[in-house]
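Scroll down for the structure; my scribbles are underneath it.
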Amino acid sequence: MSGPDYGRSFAALRAACPDEWSAYTDHAFVRGLGDGTLPQASFLHYLVQDYVFLVHFARAWSLGVVKAETMAEMKTCARTVDALVNHEMALHVKTCAKAGIEETALFSAKEEVANLAYTRYVIDAGLQGDFLDLMVALAPCCFGYGEIGLRLVGAACNDTPYADWIATYADVDYQQVMVSFGDMLDAAVIRRLGADFKATPRWAQLQGRFTKATELEVGFWDMGLLGA
Amino acid sequence: MSGPDYGRSFAALRAACPDEWSAYTDHAFVRGLGDGTLPQASFLHYLVQDYVFLVHFARAWSLGVVKAETMAEMKTCARTVDALVNHEMALHVKTCAKAGIEETALFSAKEEVANLAYTRYVIDAGLQGDFLDLMVALAPCCFGYGEIGLRLVGAACNDTPYADWIATYADVDYQQVMVSFGDMLDAAVIRRLGADFKATPRWAQLQGRFTKATELEVGFWDMGLLGA
Amino acid sequence: MSGPDYGRSFAALRAACPDEWSAYTDHAFVRGLGDGTLPQASFLHYLVQDYVFLVHFARAWSLGVVKAETMAEMKTCARTVDALVNHEMALHVKTCAKAGIEETALFSAKEEVANLAYTRYVIDAGLQGDFLDLMVALAPCCFGYGEIGLRLVGAACNDTPYADWIATYADVDYQQVMVSFGDMLDAAVIRRLGADFKATPRWAQLQGRFTKATELEVGFWDMGLLGA
Amino acid sequence: MSGPDYGRSFAALRAACPDEWSAYTDHAFVRGLGDGTLPQASFLHYLVQDYVFLVHFARAWSLGVVKAETMAEMKTCARTVDALVNHEMALHVKTCAKAGIEETALFSAKEEVANLAYTRYVIDAGLQGDFLDLMVALAPCCFGYGEIGLRLVGAACNDTPYADWIATYADVDYQQVMVSFGDMLDAAVIRRLGADFKATPRWAQLQGRFTKATELEVGFWDMGLLGA
């Protein structure tokens, strides 16, 4: 099964961990979003944790600006931080508000271990490594949600209560951001590793980061299901 | 001489280093901007270095998102990074383009030691310390330019060729951003040190950072004058 | 139940989270070490994970040198890194070697989520906060093992196969290192927050870090039990 | 002029910036150490600044432990931090004490801009880049002092008052540490870039860091001469 076209780097990273990628993007939680069978309690539990996730994910993308080496890299990271902090998180706030959960409660929600492990792993990838280490650790969440959104919007039951969630990630705006991120990632990879990047010693190490972050995504969905 | 009202923290920090603050905000370079006697070569030299400065200053503000502990802190830092990377730097690009200097030349301009010392000191303040260490190291540049802009716009010769530069920082938009930053800084200080922050042991250490960054601003103007 | 005398800061932090501290230091895994009922497979599983833990714990202590603001703070952190990397980890290597597990296998062992979450939380405490944020996140592991060692060495069955492990942490050398760390922590706290540190706004936030790290220790023992 | 054998990476980096390397290792300050004409005031001024330098240099080496990806890399960095903090700085303390300068005065000495620029550039190389970015920024100081020590010990006047300084870096212990660092650097480079590392896109960027740090060394000697 091929994925959406978010560039060469993503295609290579995704193709090299098919089991983990499938466990993530075709998780029971995802299927439940598509066919509407996901319990509302699970979804809200996920949404609260995802708000906390986005706080730290925005911190990780900001670390991307700190580590960038070109203006294009800086601009992409800066725009993403702005989009996360001033837009995507607002959607969570709105949806949670409808369910009676206020933003201050979101910000101070107790972070589950699967959540904490994931975001801090990504941030530490940035502290320990370089710009690429951070980008490949950020990639599975960004690209995976884009892929899930695209798949579900075509296949989902018309009456799933999670149509808004699906629309957010299937949306042409989100998809365009992913294409831009993919372009920037390709340029960043080629700039540092050369056009034949898959043949370099570093690629295996970067693949390890991508695969690890994908596994942590699986753990995040697991947490969503169990937490209800 | 009192400064603009950018909050209690700034007022206290500024008042405790009057000599350094005056050496910075009333520097010969600044006077030359106001009365138009600054050589064009000095200004262009400064502008190229300032572009490189803003690259690393944006990195430092991004580190602010990494270190923030409230949504308000995150949002202020994220907006500032966006403003720097997508707006303030564009002004430099435009002004330099008129003088025949392209953006790629700006990004790769050789960084002078006074420039490098300043931005890396600020970034290291963020790595070594907490959010406050970083904010007080960022403060002299932000607030000082606001104060200089306000003073010069009232006193400058009508025919200085640097009216655009002055207008940028005297502008109500820039001033409003400074007021917001001042509010956020006050809240951040009170949240961590309490309302009586000036009586805490940490305040002297934060003052040291602010004074140091102010001295580095003086060095930056010196470099501007000498560099032509 | 009072703990060992590792200074005022530790005493205050420990006293404010009695349930978490007890869940950690009196965990079933710990009791199994003391009475010898812990399965050998659980112990080896723990030991392999603990080796990986120490790799990242040493990285966190090194970040302490980066964040230190006095020579005493630098020296304590530098000595601890040296002790971890060149001594404590050697014990793990020796014990694991007896069980047929080589060091390269240890270094590349798959890190469990409870393990990853803990060390990356500590490292991120250092990146996000200041020296104190990092120290209070490092404290539960260091002081807790000292307390566990002291308790078990007095109460353990004579024939537990884990006598070596217990002796390591009950040992006068380890205890002396903890006393020194406690002294340094007290000095670091008083230097930044004043002698009446418990009354400052920051103390609650530091307590939150200590409590969180203590909870993550509980998760680490849980992982040890389950992993066999 | 060929340099000492500290490995392939150093040889390549050194050979690619002959002018900067010569300006650094054959600086007037260095010649003055060798023939004894360096004023005592210059030497003391340098020594005080070098103490502050070593504080931040030790912080940078500690960041190396944070960024290391193998046990060998961690151990080399940890040992270097320990050597700097507990040994090399002690020499400065002793020499300065003879001249009536106490250690607390050293630690709080006002850092000159050339000093600050250098160490913070190195630390930021570690924050922005990966382990290699940090190592090549640390390399000129370490290897350069080794090279200077070797050259001066063979050529220096017998009666230079700086024989102790020269002996420190010509010493077989210091030289052996440099050989080990060179071995570790070669292994780190090959591990990430492959045996043909000079042909990779990243090498030019790493060379840029090495050359920049070498230039900052020249500025440090300049500061030593001027400061008296």
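Before moving on, here are some points about what is shown:
A, B, C and D are the chain letters, set down in written order, and residue numbers restart from 1 in every chain.
Rule of thumb we're sticking to: a contact is a pair of C-beta atoms (placed from the backbone, for glycine too) under 8 Å apart; a residue touches a chain by one contact, two chains touch by 3 or more.
In UniProt terms the chains read A, B, C, D = Aminopyrimidine aminohydrolase.
Keep in mind that this is a model prediction, so the values were computed, not measured.
Interface comparison, B-C versus C-D: the higher number of contacting C-beta pairs is recorded for C-D. Chain pair A-D has a twin interface among A-B, B-C or A-C; that twin, with over half of the contact pairs alike by residue number, is B-C. One simple way to say how far apart two chains are is to compare their mean CA positions; for chain C and chain D this gives 34 Å. Our note on geometry: chain B versus chain D, Cα centroid distance of 32 Å, whole angstroms. We define each chain's centre as the mean of its Cα atoms; on that basis chain B and chain C are separated by 42 Å.
Counting partner chains per residue, chain B has residues 59, 66, 123, 127-128 touching two or more of them. Contact residues on chain A toward chain C in their complex (touch as defined above): 59, 113-114, 116-117, 120-121, 123-124, 127-128, 216, 219. Chain contact summary for the complex, chain B toward chain A: residues 55, 58-59, 62-66, 68, 70-71, 74-75, 77-79, 81-82, 85-86, 103, 107, 123.
Across the interface of their complex, chain D is touched by residues 66-67, 69, 127-131, 133, 190-194, 200-202, 205 of chain A.
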